[in-house]
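Chains: A, B, C and D, in written order; residue numbering restarts at 1 for each.
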Amino acid sequence: MKSYIAEKIDAFKNVNKNRARLLINCADQPGIVSAVSKFLHEHDANIIESNQYTTDPHGGEFFMRIEFEVEELKANVEKLEADFEEVKRSFSMEATFKYVDEVKKMAIFVSKEPHCLLELLWEWQSGDLMADISLVISNHETSRAFVEPLGIPYYYIPANKDIRNQVEEEQIRLLQEHEIDVIVLARYMQILTPNFVETFKNKIINIHHSFLPAFIGAKPYERAYHRGVKLIGATSHYVTNDLDEGPIIEQDISRVDHRDNAAAMKKIGQSVERSVLARAIKWHLDDRIIVYGNKTIVF
Amino acid sequence: MKSYIAEKIDAFKNVNKNRARLLINCADQPGIVSAVSKFLHEHDANIIESNQYTTDPHGGEFFMRIEFEVEELKANVEKLEADFEEVKRSFSMEATFKYVDEVKKMAIFVSKEPHCLLELLWEWQSGDLMADISLVISNHETSRAFVEPLGIPYYYIPANKDIRNQVEEEQIRLLQEHEIDVIVLARYMQILTPNFVETFKNKIINIHHSFLPAFIGAKPYERAYHRGVKLIGATSHYVTNDLDEGPIIEQDISRVDHRDNAAAMKKIGQSVERSVLARAIKWHLDDRIIVYGNKTIVF
Amino acid sequence: MKSYIAEKIDAFKNVNKNRARLLINCADQPGIVSAVSKFLHEHDANIIESNQYTTDPHGGEFFMRIEFEVEELKANVEKLEADFEEVKRSFSMEATFKYVDEVKKMAIFVSKEPHCLLELLWEWQSGDLMADISLVISNHETSRAFVEPLGIPYYYIPANKDIRNQVEEEQIRLLQEHEIDVIVLARYMQILTPNFVETFKNKIINIHHSFLPAFIGAKPYERAYHRGVKLIGATSHYVTNDLDEGPIIEQDISRVDHRDNAAAMKKIGQSVERSVLARAIKWHLDDRIIVYGNKTIVF
Amino acid sequence: MKSYIAEKIDAFKNVNKNRARLLINCADQPGIVSAVSKFLHEHDANIIESNQYTTDPHGGEFFMRIEFEVEELKANVEKLEADFEEVKRSFSMEATFKYVDEVKKMAIFVSKEPHCLLELLWEWQSGDLMADISLVISNHETSRAFVEPLGIPYYYIPANKDIRNQVEEEQIRLLQEHEIDVIVLARYMQILTPNFVETFKNKIINIHHSFLPAFIGAKPYERAYHRGVKLIGATSHYVTNDLDEGPIIEQDISRVDHRDNAAAMKKIGQSVERSVLARAIKWHLDDRIIVYGNKTIVF
């Protein structure tokens, strides 16, 4: 199986070897687009897709994402980045170049319920989730059987709040060893310490099983059932130190009615959770998300 | 215009003169459906639609709604209701007969924003909201121009928290004078007293401009914007004395993104509000809703 | 993996050992519901869910599905079915009893694209698709690696129109050997002969990658792209001898826009296909579907 | 009522007096964005929103829409347009400047069913449809009572296929007299001649009551009912001489089930029709649509 995926990843890398993305934000001011597009034009870049947004056309913050191709990109990367320094400086920009063939290394954390993990493995096997899933970490053995046949190492690390620090130490060691770029909490039911969150800032994506800010915290489906809501939802967000308060990436809902008890809502909700999480991760992998304050711009 | 609607209402009454609905709830127990359907069969009722629901098949609460036709219904109503007393008694039922040609008398309350009122007037003109809109009450003059040309009386009753009691006294007098069956708060931004709510229990339908229980209270769109949500919603519910906590009838959402500021969210949300409110009211008018505890069963 | 599923199936069978479903259709006439509910009451059945529908309340066709429980069902099955013969006869009914613990045996046919197959395997592993997936048949080797690790036999049977009859002979032999109840065409790109279709009437479920009746036949995504549609869809239906004309079970759509070329539409569509097919199959497994003429009633 | 709307339109014009839109298409080639953004920068334009799209990054067609503000726009319009001629020439562009305060003059055509007309009037009264509705033309008297109280002239022009030419002559005279920019067929059930269509090319927007290309032509709801579809739809498109084959602007659907007969589908569909048509018209009024071949780009 691994080799099947490996082949897909190789093909993807090859197709995209000349493709890059430029992500920008700075204070809105005259001439940004003009300067950036002039720069790209002068460097023979072929623009594939371009998106921009200003929080307020009169004195707001400016954001831009440009996907482009340059012949022999690899040979020109250093000059490209060096030349752009001048543009950056003149607009006091934050700017990052991302290279599409640098496929991101992903770690998945999961507890007992495997539906979100399974969805990600599914999308990955289908070639729709272009990441190198380097390892799965779980505080349960439940999902080992889904993971190992795909050639992905599965680390069982029991966890509870009394041993949180030593558990995280081991996790961080593994994540750094594998040079992980993005951590997905695919229904991982342990709280992370501020130290862990800080170590992987804007790199941890969680799925919460409610339409935030409704039903923050535990047992959202039970609470949704008791409130008698007619829709249930799921929310994917970057993890910060405020529980379920991080920047929201994606949300979706499904209709329920009086016949659905808490267990039925949970089943229906799992289907929403998995599609919401998968969309959020794909956008992250495609460098489509810019975090700004406690919000996301998703281009 | 009034005569155009009046004609539609008359046609509706005539078509439905032999049609009734029976709404039942009681403790679940063997033989209910058998007894009720035997009763209807023996009274020559033709069942048009039938729905039932049990909160728990092992010892829950049972709910049923049957729509049926009986030849010469008007001549047989008294006997029908009298004969059903025995069934009611033997199962300790709550049961109500509703007659479809008894078109409900509706009052609409509105403050400044007319979009929900306009939707209801629209649906009414289209013949899709089968009610007798007897009056509109507002604490602003804004909507008079939409209402009076349709032949509906418009009562301007200025309101604020200091004069709440005398305002409600006048409102209740008007509502009782017009024998109002259902009160719609179509974005009426005044809080009602417990006395008012008690007087019209399960007869007041509100639209709240958020996906409850998220953003209870004031300025939900502003708060949704600041939280960075990706969906906004609206909720229609029966009014109880706990603000925005009454039994939910219907909810829906619309997608927003980073480009939508609070004003844009409000515009998008208004479209959700009006369709959610219109659906909730139609179900109420069709006697499809049973309130049970703080929830609704919508058949 | 097989044992993990086997455990889930066993648990399901045990929980549902006393549960049955009664599916009825006949000409609408007075007294049906009364007779059926009297019958169930007299046989100590506890009704879990009941749905009925009449094509026309004045002289149409009547349909009913009742899910119920009877203590010691297994010991009472024969008497139950025998006693019901009288009810059947007096209303000239078609009626079938289904027993929930008789988990259906399923065969999945697939060609090159594995996304629908993978979805079904996913749902199955999650315990959400309560079937015994007895075998997978394919005219390609592509999906073997997904199937065999789960303990499901994979039969590679090359096919083309010249050898259709002998291919189907082998397929039918395998299907009968495994006593298959339902055949899922999970993007199987071969046409079936009238003989095959007749052999498994109303037991073959297909997924077509368009919103039927739009784009009947080959290459729907390409044609949707060229027409410039703003929504693409998928349709699951029972297979008849008219290509893509069988009774529709479920449809759904996804939004596309001018940026989506045919390849992008295909990717987006695959996600719709898999959820539409999965829903259709679940309803079939739950005995929720009655085929009437060229339509389905889905209770 | 007219004055209420007039006030809203005046306020809108005033707020937008310095706002323009530039719509571009040409063969994709290096340097377009750079040249256009340099031009705007040099003319002190503040970019409010910018969208671009290439049918194929390797040799396709390029499209762009930029909304911007320029101080004292009115005094600078001539110079702006004249200066842009050079950019246009060097890229062989089609380019159009649109000025937001030039509110479009709209004519609405309607036959018997008023629901789409009513929706547009509703949106207009709410200030959400920024157009000058100059007249309504109908081959029936039905909708006069909705239109005239709003201060909009209503022209009753009986029509049938035998008098088509003279009917259209009168219509065209009225449309030209009122200098109409956009014609909305809000369920106008007469076929237009090639001459009429040519006279108002890409200016006539129709609503078709099906999910095109399914159910082209007459009685789509009846045919949808007989096919047993589970979703019904509506399509808004520019009118060309091929019936229901013009460039699609927007589509949407609503779920139906076996309980919905053709009449019920029609009711449900009307709600889809009105929202689809309203969205399409708003995009047209906002100059968001570029027609390319038989497709639309909607920015």
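Note that in this section contacts are C-beta pairs under 8 Å (C-beta built on N, C-alpha and C of every residue); 3 or more make two chains touch, one makes a residue touch a chain.
Note that the coordinates shown come from a computational prediction; the quantities given were computed from them, not determined experimentally.
**Q** Once you count every C-beta pair in contact for both, which comes out on top, A-C or A-D?
**A** A-D
**Q** Among the chains, which has its CA centre at the largest distance from chain D's?
**A** Most distant chain from chain D: C.
**Q** Would you mind pulling out the distance in Å between where the CA atoms of chain C average out and where those of chain D do?
**A** That gives a centre separation of 43 Å.
**Q** Give, as an integer number of Å, the spacing between the C-alpha centres of chain D and chain A.
**A** That gives a centre separation of 38 Å.
**Q** Two or more other chains touching the same residue: where does that happen in chain D?
**A** Residues of chain D never touch two or more of the other chains.
**Q** Could you please specify the touching residues of chain C with respect to chain B in the complex?
**A** Against chain B, the touching part of chain C is residues 30-31, 33-34, 37-38, 40-41, 44, 46-48, 50, 52, 54, 57-58, 69.
**Q** Please give the residue numbers of chain D that touch chain B in the complex, ascending.
**A** It comes out as residues 1, 4, 114-115, 118-119, 122, 125-126, 128, 145-146, 149, 267, 270-271, 275.
**Q** Once bound in the complex, which stretches of chain A touch chain B?
**A** Touch list, chain A to chain B: 53, 211-215, 227-231, 233, 247-253, 257-259, 294-298.
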